[in-house]
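In the part that follows, the structures are each spelled out as structure tokens.
Each of the next two complexes has subunit A plus one other chain: subunit B in the first, subunit C in the second.
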Partner chain A sequence: MNQFFSGFLLVIFLALPPVAHLLESIMIVHMHMQMPLLVIAGFLMARLFQLRFPRFFEKWNGNGIPGILLFLIIIVFWTIPRSMDEALNFQSMEIFKFFSLSILAGIPLRDSWKKLSSFGKNAVIIIFTIKYFGMGLLYIKAPVQLCNNYLIMDQLTLGWGFLTTAICLVIYLLYVTFTDPTKYQ
Partner chain B sequence: MAIPKTLKEKANKEMGISTEDARITKTYLFVAFMALLIGGLLGLLQGLNRAGLLELPSWLNYYQVLTAHGLLLVVVLTAFFTIGYFYAGLSHTLGGLLPKVRKMAWIGFGLKIVGFVFAVIPILMGNASVMYTFYPPMAASPWFYIGLALIVVGVWMCAFGAFIQVANWRKNNKGKHVPILSFFATGVFILLFFGSLPVAIEVIVMIIPWSFGWVKTINVMVARTLFWAFGHTLVNIWYLTAVSAWYVIVPKIIGGKRWSDLLTRIVIIALVIMNITGGFHHQIIDPGISESVKFMHVFMSLAIGFPSLMTAWAMFAVFERTARKNGGKGIVGWYKKMPWGDVRFLAPFIAMLAFIPAGAGGIVQSTNQLNQVVHNTMWIAGHFHLTLGMSVVMTFFGISYWLVPYVSKRVLTPAINKLGVIQTIIWTVGMVIMSGAMHTVGLLGSPRRTSYTTYGDNATALGWNPYLLLLAVGGTLLIIGVLLQVYAVINMMFFAPKGETEFPIAEEEEGASKTPYWTERWGLWIVIMLIFVGMAYVIPLTEFIVNAPPGSPPFKTW
Partner chain C sequence: MIKNRHTAFASFLVIIFGCILFYLGTDGFTAFTAETARVNQLIDIKPKFSDVTFEDSKGRTYSISEFKDKYVFITFLYTSCTTVCPKLEMNMSKVYDLLPNKYIGKDIVFLSISFDAKRDDPATLEKYRGYFNSDGETWRMARISNQAELDSLLNAFGVIVIPDENGNFAHNSAFYLVDKQGTLIDVMDYKKIDEAGQKLVSILKKDGGSKQ
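What follows is the complex of A and B.
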């Protein structure tokens, strides 16, 4: 309940017009801060749903794969430049953004993560690493504006943000590959 | 294999530190307090100059003195103390240093000393009056920067030594938590390493080629940003070091128990993750960063305030609980049961108290509008003499009264304890006067880093004089404090009666819940930290580099 409440408060906070406006006024913050925060909010809220509807999650997400696929689809959708533009232009898309990232991405992520094998987890991280390198190059190389609402400079910054995050993910993958937790644990 | 290991650890705990490990800490502490002595004397010269009482000769002018004062106290004193203290802690809690690690500590020592000599000579020759922040486009002799780079590499040696020591212990103690003091050390050395990467890039990649003239210009904003990614982290390294003593040592000295182990570890992890990004609050007035980005950075800085507040709360809870156990009564009456006459408690306690106004001043400075009022005034000097000169340094002083006897196999005599109490009082009074005067005169507009001038007897500038005089009074008291402290350290190191001194580490409270193992996943914390750093720095750095102005040639402004 406590967790649900903090997640819920986080969504409300992010939805406050000045907060939303500030975060959405900078492209990279829009994509790399507001959106992840919404996912985190859903992640926190998930606890309540898991307790209330255990059967539902058991039935539909027994091995975690459907949930993580839903998560991936939602996230990929929101890294498309066009989706960001529409969220800024249409109120309905904005509402869908808040709803989809918290409920349709955050909740399945929490329910699935624990159920995935370590192979599954690393596969997800590898998918993200590749995607981030790809998106990073796209945003850096693109000679034209990809979003009507953001300048080329914003786009470039976002591209470098993708690349630095991808590099961090590579570091993480190297860390799990080359350290052996059984030596310590 | 496991049994001899624990036996060795037991022996280490019972019989005190091995002479080889002790020599490392003793040497590091000796250098630290010599830096305090020389740096303090230079501080006095500055104080007397600012009060208009002393004109410095042309061969040793105000800015040379100020550069040396900053470098000695900000880099040498703190780095050597931190490393000496934590190496003793690693040795004590992890069953003695590995020979390899010891060697690394000595190589690191050598590199730092050589680097320091490289940096000092140009300062003395008047070729490096660039202050310890060495902002381009002011350019010093290249050797000054080479010295700084060597110091950084020396620090890395010690950081890696610590990592090796901790990793080795964990392999031999599967599934166990790293003892709390070594956990602090791990956090501090991680910050030292990752925090000094940006400044190493600034110095080695940007400044050295530029000061040799191999490249013509430098990107000033990138350099400043890299500097403060380091400078701010350094501040929190001192803070984390002081906090380690507040959490782990002070409770033992007052006969109490440590506060929640889990929450302590969470505070450490949170400080490590969120730290480096705080650097931007030193650039609130800098151009090239949009206001909304600055706003978000301030939000990040204030987020670091949260673990700090947890610290204060935890400490007072520990004090009250211990005092009540010892028969303290009433809502505030329990304070009578604290060991006020014990310098090992008194000094860090006052240090903690000083953190209240120091923290408040820090919040003021993080606020855009208020920052514009105090930026580059003496207020700032007042602020860091409170934070560093009181909160951190007085904690270090308090530590020295057991750590120096511990590594010297001597004891703290009642006479030296008394001297320590007197020193603590003098330092407190001196610092309160000096920093109070600095804060006030800063609000009245007196600039920092400026030798005495009345600006042609301008009325405003003349109005500063009484406060500057007060500053000199505080500075004079402080130099007495420096002399007493250095005397005490030398006495405890070489002359005090032989004997065994305990390394005070408080136990966990009974019935505390078990700390979960995830707190040990440093690899994960480091990756999260790097993601934070990437997110915070990518916006301004892309802006500075893509929209860069032509760049600046080197200037010698003095």
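What follows is the complex of A and C.
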């Protein structure tokens, strides 16, 4: 209950017009801070749903795959340049952003992550690594302005943000490949 | 086994949902940026050129009716721009050169509209037009001094102009074609010069044929 409450408060806080406006005025903060915070909020809120509807999650997300697929789809959708622009131009898209990232991405992520095998987890991280390299190169190399609401400079910053995140993911993957955690337990 | 069937079905539903979401979000996989979506939409709506007062490089003032019974090939720019505008105008001059002489001035007029009315006075425009061999007659450069008129035109044609802190503007660029009745009929990629040239020639040819 406490967790749900803190997640819920986080969504409300992020939705306050001055906060939303500030975070969305900078492209990289919009994508790499506001959006992940919404997912985290959903992640926190998930606990209540898991306790309330354990049967639902057990029945439909038994192996965690449907949940993680839903999570991936929502996250990929929000990295399309157009979606970001539309969230700024249309109120309805903005509402959908808050709803989808917290409820449709945060909740399934929490429910699925523990159910996935370590192979499944690494597969998800590898998908993200590839995607972040791809998006990073797209935003850096694109000769044109991809989002009408942001300057080219913001676009470059976001591109490098993607690339550095991808590099961190590679370091993590190398780390899990070449170390044996049981040795340290 | 039963559990597996449930999760498989749930996965299937999620994938269907994903396809629908991406389909709707990108207008059927055609528009991944808001700019493409904007252009597709403009060509569908065909907005009318609003009533504005131009002041051109020769200091003349007139409205869009000055170009009645002529096609107008339009770009939007500001002269202090160092990035995309010179390229845009250079490409515009290449399209100008591609057109047969008989159409120019008679059936079609080129018009560069500045959205930086403060700095782009007639003298500045007069100097700028020289860089691109615009003659000031069949290819005019003009500003719209009335901010409300300018805003309504930019809005109707979907031109988004964002001022930055250094006195520059971020803005989207394209070739706009307005027909003889003052209706926007096409928005073209300003980087595809030959394509734009061919399109203009074919439109003008068709038009000339129907007149005779």
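Brief remarks on what is shown
Please note the rule applied: the second predicted complex is superposed on the first by the 185 of 185 C-alpha atoms of A that agree within 3 Å, B and C clash if a C-alpha of one lies under 4 Å from a C-alpha of the other, contacts with A are read in each partner's own complex, and residues count from 1 in each chain.
The rule is short, and it goes like this: a residue touches a chain if its C-beta (ideal position, glycine included) is under 8 Å from a C-beta of that chain, and two chains touch if they have at least 3 such contacts.
The structure presented is a predicted model; accordingly, all values stated were derived computationally and were not measured.
Within the superposed three-chain model, A:I65 lies in touch with subunit C and out of touch with subunit B [touch as defined at top].
In the superposition on chain A, contact of A:L48 is made with neither subunit B nor subunit C. When the two complexes are overlaid on their common chain A, residue A:N148 makes contact with subunit C while staying clear of subunit B. Residue contacts after overlaying the shared chain place A:L156 against subunit B, while subunit C stays out of touching range. Legend: residue contacts after superposition of the two complexes on their common chain; A:L116 is shown touching neither subunit B nor subunit C.
Of the two partner chains, subunit B is the only one touched by A:T165; subunit C is not.
Contacts of A:I127 after superposition on the shared chain: neither subunit B nor subunit C is touched.
Residues 3-4, 6-7, 10-11, 13-15, 17-18, 21-22, 25-26, 31-38, 160, 162, 164, 170, 172 of subunit C are the ones touching subunit A in the complex.
Put simply, subunit A touches subunit C in their complex at residues 59-63, 65-66, 69-70, 73, 77, 80-83, 85-86, 89, 144-152. The touching residues of subunit A, counted against subunit B in their complex, run 22, 25-26, 28-29, 32-33, 153, 156-157, 160-161, 164-165, 167-169, 171-172, 175-176, 179, 183-185. Considering their complex, residues 170-171, 174-175, 290, 292-293, 295-296, 517, 520, 523-524, 526-527, 530-531, 534-535, 538-539, 541-543, 546-547 of subunit B touch subunit A.
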